[in-house]
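Following this message is one structure expressed as structure tokens.
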């Protein structure tokens, strides 16, 4: 592997912290994120509630920690699903002959021809607000970049000596894609994946905020912002935390992606 | 050239047609009875089975998917998007009215983005790696990671609630556009700064520039005649990208600022299950988006006929 | 027997092969010589079915060429192997894909013939010398006992000593295995020493075909004479003893 630079190392640490947060955050939460406690509603940060309570008296810190599982976990799931679908389609285009290539690329162009998040809003909204619609909407609108990269790299490898040799040896298109294209694709796919992971976090929170995503009382960060917005005047701090959480996660993942891309570029040069 | 442009236009038509078909298929398969939803929206509580059936007949929904699709697409070909199933008004007129709010806002935001990002990127790249450069890169990285709707909420909180400097809700005066445009513009500025910065650095690293400098060509001339054209290609690509970003941001931003416009139109149409409105919004948005990207593609071809870019030019 | 009849290949407006007719029998060696750009690589691609023919046909014993499990030895030894996988994987690829029953004995015999230690196959392509990589390339080509093997400039990436050695090994293995060999080369000396027949390719067309010794003594065409005399001048070809 490549040597880790200082920035890269701290980014890796940060991403690991986020993963740990999504996995173990809920265990660290001091109280039940959905426990309603009306007498103690809209409490400021401090005694008993680290970050205060929301309009229904729920502990914001606990909701934030549980929210990591929704926001990060769902984003991870959705972007991984897109990775699998997009890569498969891209590889089919690369090895499947002219007709398959034409077909896959026209479909990809069509899906790319519309801003993904707007399409996701339409799809999730029409299918009815639920976590399932959210996953469907973000996956359907989130596979195209992988397909393009997979096809592009695949086509560039097609004239490589070892691919020609495999073809001559009678190796099936599937095996060529699996053993010769996929490993070579991995670095580029990982760069795309970090970008799509970050986009998915933003998408989930935006859809949640618009009311088309994860539904209350589940503590998703976008949904929390939707709640907090109403009490903007009395408890403005409530609105800071979930947005900050989204920002930090997206920033960390973007930086990790940048570092990864630089590392790959360096690797290629040497 | 004409041949290439014709094939690009052909692809654009396919894209818009596919968007129309997918939207229709989605509406058709959405949970619940669309006829019932329309009837409810139109006649409120007075709905009975006859009324639902009547709505179904009118929309050609009783004869299955293809019949309904044809009943919908045929008038569309003549530019007739039908009437809203909620308020009965022609959809196109309402949609165009909404766009008349959105276009100036988008332009305003794009201007803010350019005004901030261009000087910042140019200054930052004067001494790459300097404190100013790193500060710019850091700020831009944060800028692209901020959710647009949250930034909007923060701006409302600061400028409307705490300081009471600017109005936040609605679109009564031109001042009402400042906060939403700033919200979108800061996001645009962040991503533009990143891309212009790396565009300048890349152009500067090109082989031929040191040769010009050695020949004593003035620094400003080098910048104007040789760096700028190289930076122009990514900038045009980015405007295509920013457009997607703007449209995505608009949806949430118009909602939080309670501004009329394309985003609010779309979200309200979805919430009300006003199918003619949703369909019209999707198709018009696809059309605008595809047309602008088509223009960008044609621009590329004029710049360099050998360049092969896909429709949209959105893959970096 | 490999038969090419009036093979035409056009790429766009460019004609790369024009009415090429050649034949090659089992156990024999045909060398195709010519300058770069004469269409030698296209000829190989045409035989292997990697390009579409615009006219004519290629056959093996009257049937499609695939039936004889044709194999190719490439000019750039390392490029012929996936850098991320072991040589062993690449060598076994045709065996698995063709469901060939490979006896351990055959693998050892081939390795022995190519003077390759068997454990060398555990390495990656970048961890062996160019000469070794080329011999592994030959091993991979021969492993499923093909009846036709194409050699695309098999020696040009190697140094002089390794060239002689490798040429020797190829000839010895051909005697044992009995495959038909088509060698594309610009090295007339190599062609004259090892081939039964020599075909001269020029601008996509066959200029002349002759027995190797006949060609060296008296090329029938002006172009053939130019090629031969150039080889004499370079010392690549020794005057007939």
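Letters A, B and C mark the chains in the order given here, with residues in each chain numbered from 1 onward.
Note that in this section a contact is a pair of C-beta atoms (placed from the backbone, for glycine too) under 8 Å apart; a residue touches a chain by one contact, two chains touch by 3 or more.
Just so it is clear, the model here is predicted, and its values are computed rather than measured.
The fewest steps needed to get from chain B to chain C, moving only between touching chains, is 2. Chain centres defined as mean CA positions place A nearest to the mean of all protein CA atoms.
With centres taken as mean Cα positions, chain C sits 57 Å from chain B. Each chain gets a centre from the mean of its Cα atoms; for chain A and chain C, those two points are 51 Å apart.
Measuring from the averaged C-alpha position of chain A to that of chain B gives a distance of 21 Å.
On the chain A side of its complex with chain B, the touching residues are 105-106, 109-110, 112-118, 121-123, 125-128, 145, 148, 198, 202, 205-206, 209-212, 222, 225, 229, 232-233, 236, 239, 242-243, 246-247, 250-251, 254-255, 258.
Against chain A, in their complex, chain C makes its touches with residues 48, 50, 69-72, 74, 76, 79-82, 84-85, 89-90, 93-94, 97-98, 140, 144. Chain contact summary for the complex, chain B toward chain A: residues 11-12, 14-16, 18-19, 22-23, 26-27, 30-32, 141-142, 144-150, 153-154, 156-157, 161-162, 243-245, 247-248, 251-252, 255-256, 266-267, 270-271, 273, 278, 282, 285-286, 289-290, 293, 310-312, 314-315. Considering their complex, residues 160-162, 164-172, 175, 179-180, 183-184 of chain A touch chain C.
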